[in-house]
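Both complexes below contain chain A, partnered by chain B and then by chain C.
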Partner chain A sequence: MSKLIELIHVYKDFIVRTGLLRKEHRPGIWDVNMEIRENEIVGMVGGSGGGKTVIAWMIVGLLKPTKGSIMYYPMGLDVTKMSKKELRRYRADVNLVFQDPYSSLDPTHTVKWHIERPLKLYKYNGDIEERVVELLKEVSLSPPEEFLYKYPFQLSGGQRQRVYLARVLALNPKVLVADEPVSNVDASIRASLLELFKRLRDEKGISIMYITHDIATIGYVADRVYVVKQGRIVEEGDVERVITNPQNEYTKLLTKVVPNPYTRID
Partner chain B sequence: MVIMVTEPAISVRGLRVGYISDSGLTTVLRNVTIDIPSNKITGIAGESGSGKSTLASAIMKFINPPMLVESGSIIVDGKYDVLSMDNEQVNEIRGKLISFVPQAAQNSLNPIRKVKEIFFDVLKSRGMDYYSNINVIYRALEDVGFSDKQVLDMYPFQLSGGMRQRVVIAVSLILDPRIVIMDEPTTGLDVVVQHEILKLIKRLQKEKSLSLLIISHDIAMLFQISDYIAVMYGGQVLEYGSYETLLEDAYNPYTYLLLHSVPTITSRGKKLPRIPGDFEGFGRYPKGCVFSSRCPFATDTCREVPPEKVSYDQYGFYICSRYPEWKKEVKKIYE
Partner chain C sequence: MGVSRTKQRERRFRINVDKQSAFYSLLQGIWEQRISRVGLYLLLGIIVFCTIGVFYTPYNPNQTSFPRDLPPSFQHLLGTTDYGQDVFSQLLVGGFPVIAVGILTGLIGTFIAILVGITAGLYADTIVDRILSGITQIFLIIPGILIIELIGAYLGAISIKLGYFVILGALSATGWAWGARVLRSLVLSTRRKEYILSSELIGESKMNVIFQQIIPNNLPFIASNFFFTAIYGIAGLTFIYYFGLGSLTQVNWGTMLYWSLGGEAYLRGLWWWYVPPGLMIGLVALSFALINRGIDRVANPKLREWNIKKYYKQIKENNGDNGDGTGNIS
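Showing the complex of A and B:
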């Protein structure tokens, strides 16, 4: 499988004010090497404050790393050095899905408006209405006609997340970076959303970086995994191997503390 | 297992609670009848909009418009009929007999007051002095795992999420209540910290023989610590019983589906059942069984006739008119 995105020795410092005039550089992300390959779901797991979101934001170009490069091979360019115009093209290919489906949609606009917008912005030259219906079907919001003129407040969390996914899929992306996409969604909807991710990989060949604190869902959905702790990758590899035979202490801890209805806490 | 007949800590009878809105009264809790056992952890599992927090507010009598109790009774500790008491009387038992940790309490600590001032306020509201009770506070802090007293002089923003949650638990236990209700005690915490807090809750419950009611949407977490579990959906308790019963031999299909649709570390390669559709909301409440529109085993009768409640021991009960037939069709949901 060929690589789509590769992070090469990426560092990110944060500036912390320690006094009135004094500032200090604190390392946030430390020497991260990571790749997203074609047609795979790659997981990134770790506790809060570990830097998962920072890595995600650097991949989509919302944050610039202090050092290192992020290569995007289909365009043959370094994301950190892209011009505005190139970034615009890059963002049609690589998209971010947010954690909170309640704040990623504009409450004053309809479902149709949300999905139309990227199509209009990127000058889609087919029938926009048809495409919107098609996209709603793709994310299993059926019948699509019923959802077109609904507002976000009329939808459940799972439905909103699907609407957002439809919007993201409008531009036929190659990579989705999904930052905790199911954490704020009810348990009964979670399984079907994870199923949808698998379907996007298998049917549309989209690569997904799935970021979560829950190693159990990683085990269910991902092919490969990176375990992140305090800005560093402490373990990586095939999900099967990492889950059944974790090498790093932190990975072992994560597999132990993950909520599992079949293990009691006494 | 020997089942001892004991006085329940909380006894809810035929509770109907609604909210007043522009379109009239929307009933949320429909005829909730449930006994919460003493000295046990009872989990209330339910998705958003299932009425679990409404139930907790009703038990604490935090009833303010637009919330309205239509009918029913709540007996706490065998003698306090909460709903017929006035606010002053309820205030007497709040904190002392029954204590409440609301959702995201750890993020609601006053940012400009030190931890000790929080204790100060709580004690003052009961007419108790901070300094003469300092040993009580020290013990409470020790109970939740703070070995040094420095935390008293810190502001909430100096504490991590897990430490704040420990402070909140210490505050809720300061007056030595026997019953504690916790609404989503672990949301927003890191997985590793969550595990520690759960261990702490379990230890405190055992040491102090607390009757604990934990409300959460995280069904996996609830099954890890609860002795009894109630599964709520659309304002009704669909099933209630010991965790072993629900885990191994659920009576209601919703319990089964919810439990089995949670990916676990060992579910790789397995197919998880899917629960189709979404809860239709309280506005278009179904005529028959509340879960019938999403239940893969539902028949026409389920959709038309509300199922009867079946009790099988002092606490346990279920509502489902298709038990045990649905168990034979369980393969269907994996297709």
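Showing the complex of A and C:
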């Protein structure tokens, strides 16, 4: 299992205005080392405000780290120092799935538009319409023909998330960074979406970084896991090891608070 | 396979008559609202009325040889003025410049507003935004019509009268600022939306994002801004002529009001002289306001009413066409 992406000593500061002229640097991310390997699902778990989304945005190049480098090995380049053209090529390989499916699809365009844009931008040779239908089938939206001309507001949350996945999959990515992809989706659909992630890994060999605040779904789907607390990685390792035998206090807390349907709070 | 390919291409070509575009759905939405459809009919009627006036009038509107102060009759549909002119002919001729200047003011003003507003919104927190916002603020404070009056009075003193093009330029130069200001704040919120970020991640160019996503998503505002600016243009033009700052030999609804004021039509009860132009200006403004109301209802796609029957028909048509195309794959 070779590495695809590696974060090496990444720091990120945020500048906060505390007065009219005074500015203060506040550490957001502190010395993060992380790697995404080929053909695996990496989990990243942590509380809200812990910097999970910041890490995800830094990986796809939407934010720049203050210090440190993010290596992408298939291109042999540092993401933080990429030119615009290289970044564009990089984003065809590494892309982001957003948290909120209600705002990640443009309300003025149809499902078909969303999926055919990346195909057109990267000059897909072949019949675009066939490919769109194929992609819709891949994310198990059936029958695909019925969804082609629908607008986002005619779809449910889970369907939207699938459409968005199809849009990203149209790029033929190697790595998907999924930023809480199931947190806004209702519980019954959650499992099927996670199943879809697993299938993508097994059938297409896509590595997925799965970010969540819910350690239960991590155990369900991920191979390795990073536990993030306040911008630092407090624990990392194999999923089974981390969940059954957590070393860090924070991880212990996280595993303890997973809701169990058979217990009651008195 | 070759046959189906060409068929598909034909179909794609046919559908590309913008059925999915925001512009089409805005027009369709306006058309579906009864209120705005009334407004559209009204506007269309007025435009036809004014266009007829360009080519045909019953009498020469500048002719002053008729008997004075005639009330409406079959010979003179709206009577004659104190100067012996036919009011109906004047009304026919005088509409076109008003409507044209109004609509052109709307177009130019909205265009400048889009240009400035979107640039400032996209490059917020940079020097570009600060300069553009500063200019917008300055133009926002300038009271447009009063400035034009000032210029007109000054030019009038050296016996130069304002022409239509000068007024058009002045009105659109003073009418864009409000739209630009609002559009900037709209773009400011739109550009942080995740679907814009997603397009950026997928590799869309900035121009594509502007034309395919930012403008369509703010289209209802842009359209209503157009109508507001057009109302401003019409009101401004008639205002300027009403105060006699333009060339008074030109016949339009503004000068008609000016001459009726000079002829003291209000005091002498010559209602057929001043009511028709005032009513026409009011009707134009009313039609714009009605259309604006329709746009308001369309503005939020969640509130839009969907015609289920039409929707199913559309699906059926698509599937029927797909018979040998995409339908085959499944």
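The definition used in the following text is that the second predicted complex is superposed on the first by the 266 of 266 C-alpha atoms of A that agree within 3 Å, B and C clash if a C-alpha of one lies under 4 Å from a C-alpha of the other, contacts with A are read in each partner's own complex, and residues count from 1 in each chain.
We take it that a residue touches a chain if its C-beta (ideal position, glycine included) is under 8 Å from a C-beta of that chain, and two chains touch if they have at least 3 such contacts.
Quick caveat, the model's predicted, so the values are computed rather than measured.
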{"item": "Fit-or-clash call for chain B and chain C when the two complexes are aligned on chain A", "value": "fit"}
{"item": "First (chain B), second (chain C), both or neither touched by A:Gly126", "value": "neither"}
{"item": "Which superposed partner A:Gly19 touches (first chain B, second chain C, both, neither)", "value": "neither"}
{"item": "Chain B versus chain C as contact partner of A:His213, first or second or both or neither", "value": "first"}
{"item": "Once both complexes are placed on the shared chain, angle at chain A toward chain B and chain C, C-alpha, multiple of 10 degrees", "value": "80"}
{"item": "Partner chain(s) touched by A:Ile243 [first = chain B, second = chain C, both, neither]", "value": "first"}
{"item": "Partner chain(s) touched by A:Tyr151 [first = chain B, second = chain C, both, neither]", "value": "second"}
{"item": "Smallest separation of CA atoms, chain C relative to chain B, angstrom", "value": "6"}
{"item": "Partner chain A, residues of chain B touching it in the complex", "value": "47-48, 161, 189-195, 198-199, 202, 217-225, 247, 257-259, 261-268, 272-276, 278-279, 294"}
{"item": "Parts of chain A lying in touch with chain C, wherever the complex brings them together", "value": "60, 62, 88, 91-92, 95-96, 98, 100, 103-110, 113, 117-118, 121-122, 127, 129-130, 133-134, 137, 143-146, 148-149, 151, 153, 164, 167-168, 171"}
{"item": "Complex interface listing, chain C residues touching chain A", "value": "5, 8, 12, 20, 22, 25, 193-195, 197-204, 212-213, 216-217, 219, 301-302, 314-315, 318-319, 322, 325-327, 329-330"}
{"item": "Chain B-facing residues of chain A, complex", "value": "47-49, 156-159, 186-192, 194-195, 213-217, 219-221, 239-240, 243, 253-266"}
